[in-house]
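Everything below concerns the one structure shown next.
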Amino acid sequence: MVKVEFLGPIQKPTLELEITNLNELPAILQADAEVNIWLESCAVALNDTLVSSLEAPLKDGDKISLLPPVCGG
Amino acid sequence: MVKVEFLGPIQKPTLELEITNLNELPAILQADAEVNIWLESCAVALNDTLVSSLEAPLKDGDKISLLPPVCGG
Amino acid sequence: MLNIYTGALKVPHILKEWYKEENSSNYGAYISFVGTVRSEDGIDGLSFDLYEPILYSWFHDWEEKAIKLGAKIKMAHSLGDVMLHESSYIAAVFSPKRRVALELIDEFVEDFKANAPIWKYDLKDNKRIYAKDRSTAISGSGLLAKG
Amino acid sequence: MLNIYTGALKVPHILKEWYKEENSSNYGAYISFVGTVRSEDGIDGLSFDLYEPILYSWFHDWEEKAIKLGAKIKMAHSLGDVMLHESSYIAAVFSPKRRVALELIDEFVEDFKANAPIWKYDLKDNKRIYAKDRSTAISGSGLLAKG
């Protein structure tokens, strides 16, 4: 089981999913209208490292994070 | 009479000269070997304003300053 | 060094501590950037969320980059509410000579704005409103919108 | 605002006073540059001469330039001796947004180095030696060397 957490302004509780590759995630998230509107502008991290590709095998306990647009300072 | 003052590291007392145009100054200063070595690297101010030309009539009491290379900070 | 503080930053104190910390490090230049909450659009203040694990690793990469240039970077940021005319952000660069510090502070602040995982909200009429229009998608965003 | 101090600058105090002075001015960015005496070539410290009338008018031109950009510039400099690891120079820019401050501090510090009428001497073996090799001829120099 992997966790998907939504950071910052995305008001959505953490999901727990049974997927084995990051490339399974788009279909699942796109099906949720409330989440779908954020996807175009979100970066993705796997275990707190930003990823540039969704081809990544997942193992039990992995954490995926969605990072919406930022504005520090 | 006008005054010519030497700023910063130029160890030279202020000169008092009877000249009526700034363009008379190079010949006078070039004749002083101790001053001459500074002329290539000095900026010139007339009454505390930097000048970009030596064609400037002088009146009694005017102050000319020589500013050698700078290094603030 | 990255420090996160709840609420507004004590700017004079932080600038002083950083100056003292590096006093004997033989750096010739110390540049600091302070970000202060401006009164605009009728806001009462700003509020910040941040995601520490990625913020710290992002900052660590900058520390490494600075070291290669013989420099040092420090940063402080607020978490939670910061009211008008209070400060929420300080970044600083120490370097032996001025050019490295002048260039690095600019690059660092711009990358911070573009990529540090911090989210800003306007405090207005007792609401906390995501500053969407002023926010920037982190480079590489949009992966999940495809496929 | 340009302040000249005899000897080393009290950096934390000056940075704090400037911050407080502009606290209600609604500037979002405050950048400061601090120059500190480095240990190199066996010097004990540095010493400075400055020519106030032209320094103040040079600074005034920068104040005007900053105002046109909606910004404010402040500067402090030492006169006389400043020893190792003490600071002799602070410049600061306040502006509503960050880009103006980041660009102006860089331009200002570079123009300061090139044109502000300040002369630097190394303090070494109880002598005060003009730092000729590190000095820059003010733009337009050399008029008197010609015919």
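A, B, C and D are the chain letters, set down in written order, and residue numbers restart from 1 in every chain.
Following the convention adopted for this analysis, a residue touches a chain if its C-beta (ideal position, glycine included) is under 8 Å from a C-beta of that chain, and two chains touch if they have at least 3 such contacts.
From a predicted model like this one, the values you see are computed outputs, not experimental measurements.
Within the contact network of the assembly, the step distance from chain B to chain D comes to 1.
Of all chains, the one whose CA centroid is most distant from that of chain D is A. Between chain B and chain C, the centres computed from C-alpha atoms are 49 Å apart. Centres computed as Cα averages put chain A at a distance of 25 Å from chain C.
With touch defined as above, residues shared between interfaces to two or more other chains in chain A number as follows: 73. Multi-chain contact residues of chain D, defined as those touching 2 or more other chains: 35, 98, 109, 113.
Applying the touch criterion to all chain pairs gives A-C, B-D, C-D. Within the complex formed with chain D, the chain B residues making contact are 7-9, 25-26, 29-30, 39-45, 48-54, 65-73.
Residue ranges of chain C in contact with chain D, taken from their complex: 11-12, 15-16, 19-20, 23-24, 26-39, 85, 96, 98, 101-102, 105-106, 109, 113.
Residues 35, 48-51, 53-54, 57, 77, 88-89, 109, 112-121, 130-132, 134-147 of chain D are the ones that touch chain B when the two sit in their complex.
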